[in-house]
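Chain lettering (A, B and C) follows the sequence in which the chains are written, and residue indices restart at 1 in each chain.
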Amino acid sequence: MFIRNTWYVAAWSHEVESEALFARVITGIPVLLYREEGGGVVALEDRCCHRGAPLSVGRREGDCVRCMYHGLKFDSTGTCVEAPAQQRIPPQAKVRTFPLVERHRWIWIWMGDPSLADPETIPDTHWLDDPQWRSLPGYIHYDVNYLLICDNLLDFSHLPFVHPTTLGGPEDYAKVQPKVERIDGGVRITRWTLNTDAPPFAAAVKNWPGKVDRWNIYDFTIPAILRMDSGMAPVGTGAQEGARVDAAEFRGCQALTPETENSTHYFFGHPHNFAIDQPDVTRAIHQAVVDAFDEDRDIITAQQKNLALDPGFRMMPFGIDAALSHFRWAVNQRLEEEKHQMLEAVQGA
Amino acid sequence: MFIRNTWYVAAWSHEVESEALFARVITGIPVLLYREEGGGVVALEDRCCHRGAPLSVGRREGDCVRCMYHGLKFDSTGTCVEAPAQQRIPPQAKVRTFPLVERHRWIWIWMGDPSLADPETIPDTHWLDDPQWRSLPGYIHYDVNYLLICDNLLDFSHLPFVHPTTLGGPEDYAKVQPKVERIDGGVRITRWTLNTDAPPFAAAVKNWPGKVDRWNIYDFTIPAILRMDSGMAPVGTGAQEGARVDAAEFRGCQALTPETENSTHYFFGHPHNFAIDQPDVTRAIHQAVVDAFDEDRDIITAQQKNLALDPGFRMMPFGIDAALSHFRWAVNQRLEEEKHQMLEAVQGA
Amino acid sequence: MFIRNTWYVAAWSHEVESEALFARVITGIPVLLYREEGGGVVALEDRCCHRGAPLSVGRREGDCVRCMYHGLKFDSTGTCVEAPAQQRIPPQAKVRTFPLVERHRWIWIWMGDPSLADPETIPDTHWLDDPQWRSLPGYIHYDVNYLLICDNLLDFSHLPFVHPTTLGGPEDYAKVQPKVERIDGGVRITRWTLNTDAPPFAAAVKNWPGKVDRWNIYDFTIPAILRMDSGMAPVGTGAQEGARVDAAEFRGCQALTPETENSTHYFFGHPHNFAIDQPDVTRAIHQAVVDAFDEDRDIITAQQKNLALDPGFRMMPFGIDAALSHFRWAVNQRLEEEKHQMLEAVQGA
């Protein structure tokens, strides 16, 4: 069961290029993405309304797609405009389309009621294509339910254990609980370390006058979008009060999109605003994130296998779970709301 | 759920040779086929009545088969005739047998009530071993439900799309609807193209005086047997009225046999009555059919995967579906009939 | 469904060595085995009580184990003794432990109520490390339910059929029914062949004055432990009355431990008391057993596949099934007993 009325990331812009037909299963529904000749991206259900064959193994004809099983042709509004040996096409011969917004290299898709799709509610991730920032596009595939990955991202204490040589840092890090606040549709986790040494990677790319103040601020919102503001500034320059003087900053953007109940698409970029003329630094940062995510995937996949052995296993909440517990609560709230709306719609009809 | 009281093709004759024990799952039931010393083929349930081990990994002993787990020996009527360390064999120690008819290189099997098995109802496929015709035996395995393949065979409009370079011909071909008629236990599809050019393959093997009349007549009957009469004759020689003067003819014979709910055996031959002294022509015709069937299998397997994502998907009927819709209706009629007969038998007992 | 209050073999001693964390699923429950610095072996549930991650991919810290997902640390009694960012550990933060006994190279585990775990009830298998006997440790994994392997072991008649060139001997062997007796928690099968020739392997390693008396005595007890006393002695030296004069003896020890409903761990050794200074003989005996077990696995796996095609298949009992029928009855009795005890415990609570 997935939240329907929300924006999911469907693809990186560069995944849907020129004439190609791009197929991806999103929240259990097969979706065909392609770019019209004018450059806009459209999304059709990747399942011909006639016998269910995937349109994505079909053929582009201008801005239309022809199913290569029996030759039905659909335009980019999903309307069947040609059927073999048939003059009159029945008006219900359509495949579903999905609202799409392409923004800052991500293609966002709305899997719910199209009339509710408001592009204003798409979270800001402009750092992904802002010329003052640099990042590389990341994608990995997980064979686990997306909520287990949310749990992982909403917990800082796993960093020194799962990522001892990558993101991790000393195990003492896990001993300080970050501040957790509810925000609209999600949770914010904040952690400050004041008057500390700059870590080696930061010392390598920037000359620091002395100690630094460091921060990590995660906004994690429905459906499963993480925007991370992290970085460091020379001590005493007012970072905690909002100033960002001579700071080295990251603005991580991550999006989890359920493929099925047991698999997930994971899109991520890790923009930084320092050393932006050094592609090696950008590549090194990206690679560090990829390495860390591989570590996460190992432990989460092992966890999912273990949970599958005993569907009755009850997780035991610890203090470190404040953020993820709140997020799971928020997700359940939304699922309940959508269930009620659907019941009302049915009763109203 | 499969029709039980009908003849299925179990194997090509040459698949069951000499001493070998040949195993095949048919409509979900494991079947052992072997040839008695007298040459006749018998079919036993491939599951020892004792502990369920497959007899097909057992040992021939004359016309008997010994289970190589515990040594029970069965004769070709399925009766246990020897059990280790036991003088008296209980009379219920039997494995099921199935009525078989070997005819024109195909071994037909009856999976239902043996008392209803009438060899007269086996469709005529004598072209498979008639000396005036030539063909090669074909077999492929599908990982889809057999009805999806029936759908495919009962639809001519997919030919130019799925088989553009093999069977297909121009896409205009799909624009003309063939004639569809109900016949006993199935459907006949007829298509004539009069006064047209002979296609390249036909021009290569035969000297045509001028234009030709071409036809395609499919008889598709329960359980899933296709007999195709196709060919061409010099224009105006009365082919459409039944004459076959100087004609180049094919008599395709195809049989689908469900293995399980999600897999199918496909037997086929494509006899032709021209160039019968040129094995190269026979091989080329056979290969063209094999290539085309590989194309079908690709799209049908993609379709099955797509349908599995949403068991609630409803196919939308188009004009081109007249034949397949009727055949599916005929199959459902027979399944209903068999259900009622079974209920009556239970109540009568 | 598995018997809970019984001793299963969890591992060979050498599988759990030095610092390593050893994971094995036993009766559907993931178990972590490791050796404390003092040398004793402990067993914890291999599933962190927090989020279910496997402890076996964690880290040894002295006699404790730290979960490498979020850093919870457990001592060898299963108590959580450290949790990141948390002073007070809730007392219910524990993982389950299992009683263990290491004896004669096998590590026995009790999956049921720990208060009932009585080491006195562990079957004697001292031949596995008695200096007067020699054997090699064996382990194979089966993808079948353990009861199908019990059936196999409790039946002598399959020997000449499944193992014609290894354990088997002439097919006449199957014609003599062994004696079957109920013993506490299982069944004993006894077979004597008096005044016969020593088989080739025995003639090769020992000088026999003439004919021999041979015996095979199996004790097969719950949960699925086979102790086999087999061998031969010079004819007329009173072997059948209990004397073992100048005998060549085997004391096979075999243990089946269910992994899941459809997979099984199989531990075995085949100690012999002759030619104990000839490692080649020990290796040859071991290899003969391994080869024979591979033959068993082939036929039992084929049987399991066949049974899976029709869950409604009813096995038909034959005379040769006396022993296995009794053992299956004994298993069902114990399962019933445990069900009643559990119901009473629930009602009493």
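Going forward, a contact is a pair of C-beta atoms (placed from the backbone, for glycine too) under 8 Å apart; a residue touches a chain by one contact, two chains touch by 3 or more.
This structure is a prediction, so every number in the text was calculated from the model and none was measured.
Colleague: Please compute the angle of the rotation superposing subunit A on subunit B (C-alpha atoms), rounded to a multiple of 5 degrees.
Modeller: Best-fit rotation on C-alpha atoms: 120 degrees.
Colleague: Give a one-word verdict, same or different, on whether subunit B and subunit C use largely identical residue numbers at their interface, taking over half shared as same.
Modeller: Looking at both copies, the contact residues mostly diverge.
Colleague: Need the CA-centroid distance for the pair subunit B / subunit C, whole Å please.
Modeller: Averaging C-alpha atoms per chain gives centres 49 Å apart.
Colleague: If a residue has to touch 2 or more other chains to count, which residues of subunit B qualify?
Modeller: Subunit B, residues with two or more chain partners: not present.
Colleague: Of all residues in subunit A, which touch subunit C in the complex?
Modeller: It is residues 151, 155, 157-158, 160-162, 171, 174-177, 298-299, 302-303, 305-307, 309-310, 313, 315-316, 318-320 of subunit A that touch subunit C.
Colleague: For the complex, which residues does subunit B have touching subunit C?
Modeller: 25, 28-30, 46-47, 49-54, 57, 66-72, 83-86, 90, 92-93
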